[in-house]
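Presented sequentially are two complexes of subunit A, the first with subunit B as partner and the second with subunit C.
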Partner chain A sequence: MAEPIDPQTPEASAAPEAPAGPYVYDYAASPQRQIVLPKTVPLPSLKTYLAEQKAAAAADEAKWVKMQADFESAKAKAEAEGKDAPKPPVRPVPRKDDNDLKTPVPQAAQDADLLTLVALLGDKVEEIFEQAGELVCQVKKEAIFEALKLCRDEAALNYEMLADESGTHYPAATDFAFSVVYHLTSISRRKRLRLRILVPEGFVPESACAIYPGANWMEREIYDMLGIRFANHPDMTRILCPEDWEGYPLRKDYPVVGWGQRDITFREDRGGMIERIALQKAGQLGINLKQPKAE
Partner chain B sequence: MGMSINQPSTFEHFLITTKVEKVMNWSRATSVWPVTFGLACCAIEMMAAGASRFDFDRFGAGIFRATPRQADLMIIAGTVTYKMAPVIKTLYDQMPEPKWVIAMGSCATAGGPFDSYHTIQGVDKVIPVDVFIPGCPPRPESLIYGFMKLQDKIMTSSLADRYKDIFEEVG
Partner chain C sequence: MFKNEEMEINLGPQHPSTHGVLRVKLRLDGETITHCQPMIGYLHRGVEKICENQTFFQGQVWTDRMDYCSAVANNLGWAEANEKLFGITVPRRAQYIRTMLNEFNRLASHLIWLATHALDIGAMTVFLYAFREREDILDMNEAFCGSRLTTTAFRIGGLREDLPPGFEKMVKVFLAKFPSCLEEYENLLSENRIWKKRTVGVAKLSAEDAIALGVTGPVLRAAGVPYDIRKAFPYAAYAEMDFEVPTRTEADTYARYLVRMEEMRQSARIIQQCMDGMPEGPVMAKLPKILRSEVNEVYHATEAPKGELGYYLIGEKGGLNPYRFHVRAPGFINLQSLPKMAEGGLIADIVAAIGTLDIVLGEIDR
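Now for the complex of A and B:
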């Protein structure tokens, strides 16, 4: 015989949580709301690449030394116990990679344009390298205006066009937060060049608008998406997001679904429009919905 | 009286009797003028529906007006961003009554693939929607089918429906 269910027992009285409808999407628990900050700084650089190669070679060497030491100790132990000697270790040969599938590595600069830039700017250049035949020059963040002016006006360089200007957020980097890259094109010489600066949070680099007027909207977009302000810019306002937007969406610490903009409702009767229309329509039908006057 | 019920009266040989409401609904449903308003790739399909192959004009909806003040229908064809939402609301408020809205495609219906910070997850968060058309983008046949559904809705609507919400709001 089955036990009669007592409705007063805590199991029965505790009403189960009302399941949310399938149309209700929990934005707070959404995986898009969670922030995962990157641990690495994927900034292409010759210095970093060489340091990485050196560290990998040192790790290989240390491993090999350890394998040899292990072999020596195992050999001594086997001799003491009168067993057969173990096999000597073989140094692993690095496997040949398929070069087509590898990312082109940064190489030392040989192009005349980069050498000209170094000769003209001196110690304001932080780094020059080539990668897959593309020229990259990293200058000091205070000297970007001078470098751009030089690239446009110097007869040996003659980069007439600023094809693009972009920014990237590197939260894992310690001595800078953003990189701003200027993609220059020389139409007459059919060459391309990248100028790069690394800026910390809060630094205000000089605007390129005085040299390349096309930088106007690109710098506004960088400000809109990353929050880097540019000095001497004619109109440093947001360009893509609405004017009252909070936060900078392309920063890595910005959740994909945004910071509460989901909850904005546009259908509320802000200006009292529904009430005004109702009074008007009711008046047309001969109904007085207005409150009687106090007098 | 000698007149049988099966035989039409003299007047009914040249008169059609109907309801005023039905005539008004019929005239509204067969001359719905959409506003020229495209937001993304769905607008391409909307243009195809308006062109000669699919010929939206067969349903009386081929006259895309360039101002909301002359339009009855707004086809939200594309992704609605937070920057565009106040514009859509303004356009909708500028349209004269009676007015209808079709949310065309998955973006206007529910945000589509853009589950992101800048996209409104369905245009019904901004303005009331009559017909939702799924698809990414919907083919012109889908738009025409959705429009025929809207015509059905208009034909079954009542003149009093228009004031229902307003009176409920005032109380």
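Now for the complex of A and C:
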């Protein structure tokens, strides 16, 4: 921080030098404000979940086999040396916690709607599963228009309303960069369905406006916030930010602090108020904070 | 001779009838609107980005500031979306208290809608009457959680505190006088000739258009579609409540007024049922001190006073904050239907069209 200027001195009247050129935030000076890119890809998926479970079970088994082998060798060693045999190992059980927190896990699709979608779309469906009571269907990114049209027009599905459309940035993923999700609602059948596509950087998915006109502003918001453009959209412009805004705020590599934002220390004792109060309180308690130090 | 030229004018962004900072670009042919384009974003604060960088508990504070007329409904949606993300079961007493406060909030929001909508159209008296009752509801908010507008009423997993002593009496007093207050408003408006001339047949939106545009809430119900998330996908304690979903078929401003008035009656009924059947027990689920999410993705929709309020959350493995947070704000989607309502109508009726949508720019721009 710069030295505070004493208003009494004549030098203070001179205006401080303006920084030259456009201001670029100095991340090195305040490392807590650096962007930390996510390292994982939190994309819920039944395949990934099952693979993770399998790997975890295998690791657990390997650990148990190693514990048993260690025990056998220790036992043999103890017998050879004529000592007492060591305690046999106990297989560790997962720790039980008694809180009401049971995170729902992805489950195999049972619902008729998802099976209908698979039957009608065939290999254009990449994955179907259910999680937390929600139906998820991931389709190929080129087939999203067809899938949405099917969802609205097919009598067995009949999803009349597009409730929400949004996207997510996954910088840690290798073969895609964004996911775009469509939350469909069937008012007559009281059902909800989530369609999902994974798109790489620069891919232009087909707009849903021709099927659900309400997608107009939602897709403009996605473009504004994440920079995904949609093909055949009637008005692909920014909606919340001004037209000349640079960058896409909801991408993970977009900083949270504004450009040129000042460091503010709330503990800073500008008027000496904190010190005065501290001295007053100390005086009430009979402590002399201003006690001169021995030289 | 007369020139036949179209004129372009701006309504807002600083205009009392736009309820915030909404700019509407209008093209006029005489007094008839030929083109209408709402322009938003003046109140954009980046709530989604901020919440992605805060813990699950801290995010709720930001939901107060989205739709500041119905903060409790926003809190409820946020709390329930998180509970779905973590798989938390909320105690039954907490569900009842939440339901009751949410309905009080619906009353407050509808009252402020009635007050400002009537004021926009020219009925000044209702404004003062409606704010009088809203004050009582804000007092109850204050008694429950200490603040009146930005409530942060609930916690993930239940409530921070049980109802304060004396709350039951406040509710009883309010419920005893509220039906007569509703009658008072209706006496002022329902058969008022000026009110009817300004609202009947104005800003029509058919059921097909409303569904295609994703419009929800009273606007959809006034078009004859009985879609209420409290009934269709029950949450909190709504499955145990006995109430009706009022609908009309006229799909105009007057029908929306009637729907909202009837909804207020039904809300009072729900509050009464909550008070009568209030179960005993704890108000908070057992949770670890720090919530760490697993990989999960939820979309939870609740029936906010303005329509379907959806929260879309993605959890990261071991994450302290949501990886992605998105709000499906009812006002944002409903405002899309403004051109459909206003085009072909008179310039004076755009004020009625904006008022009848019941928009709050805080949630539209987020």
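The criterion applied here is as follows: the second predicted complex is superposed on the first by the 218 of 295 C-alpha atoms of A that agree within 3 Å, B and C clash if a C-alpha of one lies under 4 Å from a C-alpha of the other, contacts with A are read in each partner's own complex, and residues count from 1 in each chain.
Definition applied: a residue touches a chain if its C-beta (ideal position, glycine included) is under 8 Å from a C-beta of that chain, and two chains touch if they have at least 3 such contacts.
Note that the structure is a prediction, hence the values are computed from the model and not measured.
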Greater residue coverage of subunit A in the superposed arrangement, subunit B or subunit C: C
First, second, both or neither for A:89, with subunit B first and subunit C second: neither
Partner chain(s) touched by A:234 [first = subunit B, second = subunit C, both, neither]: neither
Partner chain in contact with A:183 - subunit B first, subunit C second, else both or neither: second
Partner chain in contact with A:43 - subunit B first, subunit C second, else both or neither: second
Subunit B versus subunit C as contact partner of A:200, first or second or both or neither: neither
Subunit B versus subunit C as contact partner of A:256, first or second or both or neither: both
Which of subunit B and subunit C A:242 touches, first, second, both or neither: both
Contact residues common to both interfaces of subunit A (with subunit B and with subunit C): 240-242, 249, 254, 256
Subunit A to subunit B touching residues, read off their complex: 25, 30, 32, 240-242, 245, 249, 254-259, 261-262, 264-267, 269, 273-275, 277-279, 281-282, 285, 289
Residues on subunit C engaged by subunit A in the complex (per definition of touch): 40-41, 44, 46, 48-50, 52-53, 84-89, 157, 211-215, 225, 227, 232-233, 285-288, 291, 293-299, 301, 308, 310, 312, 314-317, 319, 323-324, 326, 328, 332-333, 335-336, 365-366
Sites on subunit B touched by subunit A in the complex: 82-83, 85-86, 89, 93, 115-118, 121, 125-128, 163, 166-167, 169-170
Residue numbers on subunit A that touch subunit C, as the complex places them: 38, 40, 42-44, 48-49, 97-105, 131-132, 134, 136, 160-164, 166, 168, 181, 183, 187, 190, 192, 194, 212-214, 216-218, 221, 225, 238-242, 249-250, 254, 256
